[in-house]
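Order of writing sets the labels: A, B, C and D. Residues in every chain begin at 1.
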Amino acid sequence: MSTIKKTPTTSLCTHTLSSLTYRNANLVDDLMGKATFTEVMLMQVLGRKPRPVDLRITDVVLIVLMEHGLTPSAIATRLIYMSAPENLQGAVSAGLLAVGSSFVGTMENCSGLLDRIIAAPDSQAEAMEIALHYKALKLPVPGFGHHLHKPVDPRAYKLLEIGRDEPDLKGDRIRALEALSKAVDEVAGRPITINATGAVAALLGEIEVPTAIMRGFAVVSRAAGLVAHIVEEQHDPSGRFIWDTVEKAIPFVSPSEADKP
Amino acid sequence: MSTIKKTPTTSLCTHTLSSLTYRNANLVDDLMGKATFTEVMLMQVLGRKPRPVDLRITDVVLIVLMEHGLTPSAIATRLIYMSAPENLQGAVSAGLLAVGSSFVGTMENCSGLLDRIIAAPDSQAEAMEIALHYKALKLPVPGFGHHLHKPVDPRAYKLLEIGRDEPDLKGDRIRALEALSKAVDEVAGRPITINATGAVAALLGEIEVPTAIMRGFAVVSRAAGLVAHIVEEQHDPSGRFIWDTVEKAIPFVSPSEADKP
Amino acid sequence: MSTIKKTPTTSLCTHTLSSLTYRNANLVDDLMGKATFTEVMLMQVLGRKPRPVDLRITDVVLIVLMEHGLTPSAIATRLIYMSAPENLQGAVSAGLLAVGSSFVGTMENCSGLLDRIIAAPDSQAEAMEIALHYKALKLPVPGFGHHLHKPVDPRAYKLLEIGRDEPDLKGDRIRALEALSKAVDEVAGRPITINATGAVAALLGEIEVPTAIMRGFAVVSRAAGLVAHIVEEQHDPSGRFIWDTVEKAIPFVSPSEADKP
Amino acid sequence: MSTIKKTPTTSLCTHTLSSLTYRNANLVDDLMGKATFTEVMLMQVLGRKPRPVDLRITDVVLIVLMEHGLTPSAIATRLIYMSAPENLQGAVSAGLLAVGSSFVGTMENCSGLLDRIIAAPDSQAEAMEIALHYKALKLPVPGFGHHLHKPVDPRAYKLLEIGRDEPDLKGDRIRALEALSKAVDEVAGRPITINATGAVAALLGEIEVPTAIMRGFAVVSRAAGLVAHIVEEQHDPSGRFIWDTVEKAIPFVSPSEADKP
């Protein structure tokens, strides 16, 4: 058995027979009827009382990440809900497992690049080095490009506009993203859109959300979106239709034929 | 292959190259920077513009369901996070799978009882019939009793107080819960607390959340709570300590010994 | 805090610095290189050394439940794998969440009916009562009928044939299923196929798998099937194609239009 | 919408009203009653008829990965099962989400190192370069060391012994692991045990399981182990005990105190 040096502690919540405490707030007296969901979520995640600007940025980020129609996560949730309707939480959990590296997770990688640009003595030179590095790898720069929104991702531009209009933000992460965008365009020889996850990375960074927890905001927001998909599935079920459609669309090829050139 | 009679449709979200629409709102123009998370979540889930009272009730419900310390869901999330830290969404999903019938799911069963009481010609008689039925089964009435909060669940009383103070609510579900509470106390011969899930069932019913989707509010709220547990795990890891503690606390008994009387 | 009366124990596995024990077998000396997966799985699940007939029945059940092409579980796994390829276990977990009440879970309900028929003084009368009960509810009897296999589910007949050929099985559950089948046909006025989950319920019952754990056999078997779907996804990705196909097949209808009669 | 160049196909399974085909085998005629679970799983995963040696290696690997007592995955499964007992598949899924990078996933990283050693002109020099690289990073070499098994992991040595005794295996991956082990010991200045995931990586590689799918074998095996934990939970519930134990063991520290030095 490994030796544990130190007993861990928690500061999130405690309870007695007659009370609950979230950090140092009494749930009943200090929060219920007084605070919004966004406020309490931020208080718990950031470990400090959120400022009004923190709430505004979080709300806009959560709204933006909530929906994109019949995405892989929504399709998975609908199929699992059809299979186990007694188990709504399982359907949402299945969909949330899609919040991975391919789409939303690029937020973290983009935020890591912004960290580098901010830390560098010459931010534009650092941005150019990053852009050239991805060019050499023939990979998109995290936070740039979108297969469904061209030439620009409308969410990204609005997010950045909202961020720039907030006087209480330092603005260094937005400027780092702008530097990166300039370098990406130059290296590509044409404008490449900043996408929603890129702009989200900059804005969450501005309100001091650590890179390693950013994906959690997508999980919370998408959970709400997936619950709405289940509501729709209850009224107008699509699961069986999706199953039939996919099964018909993807033909079976017997292995011997599949091996043919 | 089964025959699908009708193509399903969706009204949640659509997109073009340059825009996103949530129901009939333009995401960029109508929602971003103008609406809160709670507002957009309710709009998507209820399919209508939420009233201020809907937002107040939803916020207080989401806050109440967010945290209860080191619950089964939080422990599961922490253990999975330790095992696969590259995969934050998996850790949250694992914890959300605990939002099942044993604890939170009683919300749905309680809401179903409130439906029956409201539909009955004599609500108090119906409430008494329900209370006697569960007594005969030696089961707790869904929405009543709590193993950690005695004699009263402080959250439930505050929730109901907030609900009663809202002039725009009909109040029929709160009254149905009161009728049920009276019957439960009478049958038990002592006061049994209304618990948080019972009060949540009444309040979500008051704002027209269907019984079958109520559990979804717990999923969203708990997702936020679990993200905060992951933040704490990043700073003060408990996973290995939990593993060691549990392994030491539960002894191995070899099968032959286990069979001994 | 609730009072725990008794410390739970485990008899599944223990370890020292230099050994592992599964129940009362030394992993290295007694099992590795000597036992098959099916054998050790059954030993752990049933808590006894499996007989050859137990292994044969388990193998055929696990094979039958492994695959059915592009099912909801396989589609979910493929979509999640595309979204988070770094996280194979999340893709399998998402698909396994489909092993719920709608399809596989009927196994448990069917097994519960077989219990009732065996316990009844007149098994054929009990079977008829069950068949009439479901007829009145206009619901299919669990274990009967299949939307893709008509008029007979070929797996079910082979499973029962294999079961009948095993002299070491008591045969009471197979006979109970036959009694139920006779009653179902009579009530329907035409033959209704026993489906794979019905036959699996009978066969797992014959080898003393408790009803409440039967679904676990589907989970294990389907896990293997889903891993094969991921292999295929690695060579010939379908996730993006499924996404596009579903998105095109399900039209967006704006809420105002959706409300039209 | 992105353009899909090519319709994907599947070769895993197809069905007609009266038959099922797994690859090019008829399920009823060719497999049921004739093949074991391990055989059909391998046929589906590898896309070829498995040899006897493939079955022996797979069985021993699946047995070894099945159990290690009250691990994070088993604890998560037990807690989720307590919370949602109607949903066995959710409890198993939660536990499987622990099959991530920290423990089992090292299998993949180790297998990648074996690939490099085999491809190198001088395998021992390559092994030394790898060992020095991890030394410089102060990280353990994937597949080496174990916090619970010291000085040697008994499973690893037995696995390698079984592998060496198989004349039909090429042996190149076992030799690559031996070369790496020699280098690791030399760099450490003391013997470091090859652990179970290191030996599993070598053995699965010997039977041509691609590195990127190895984790799937752990998922299948662990699914069986977790089902056995649920059986035990049904007879001797530990969930509430684990909850209480963990909650008592990890103290709440109010944030202001937590900030103190």
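What we mean here is this: a residue touches a chain if its C-beta (ideal position, glycine included) is under 8 Å from a C-beta of that chain, and two chains touch if they have at least 3 such contacts.
Here the structure is a predicted model, which means the values were calculated and not measured.
Seen from the Cα centre of chain C, the chain whose own Cα centre is farthest off is A.
In this entry, chain C maps onto chain D through a rotation of 180 degrees when their C-alpha atoms are superposed, rounded to the nearest 5. Distance from the chain A centre to the chain B centre is 23 Å, each centre being the mean of its Cα atoms.
One simple way to say how far apart two chains are is to compare their mean CA positions; for chain B and chain D this gives 35 Å. With centres set at the average Cα position, the gap from chain B to chain C is 29 Å.
Of all residues in chain B, those that touch two or more other chains are 1-2, 7-11, 13-14, 47, 69-70, 84, 86-87, 89-90, 93-94, 97-100, 148, 238, 241, 247, 249-250, 252. On chain A, the positions that touch chain D within their shared complex are 1-2, 7-11, 13-14, 21, 23-24, 47, 84, 86-87, 89-90, 93, 147-148, 249-256, 258. Here chain D touches chain B in the complex through residues 69-73, 75-76, 79-80, 82-87, 90-91, 93-95, 97-103, 105, 238-239, 241-243, 245-247, 249-250, 252, going by the rule given at the top. In the complex of the two chains, the chain D residues touching chain C come out as 1-2, 4, 7-15, 17-20, 22, 27-28, 31-33, 35-38, 40-41, 44-45, 47, 56, 58-60, 62-64, 66-70, 87-90, 92-94, 96-100, 148-150, 152, 154-155, 158-159, 162, 210, 212-213, 215-217, 219-221, 223-225, 227-232, 234, 236-238, 240-241, 244, 247-248.
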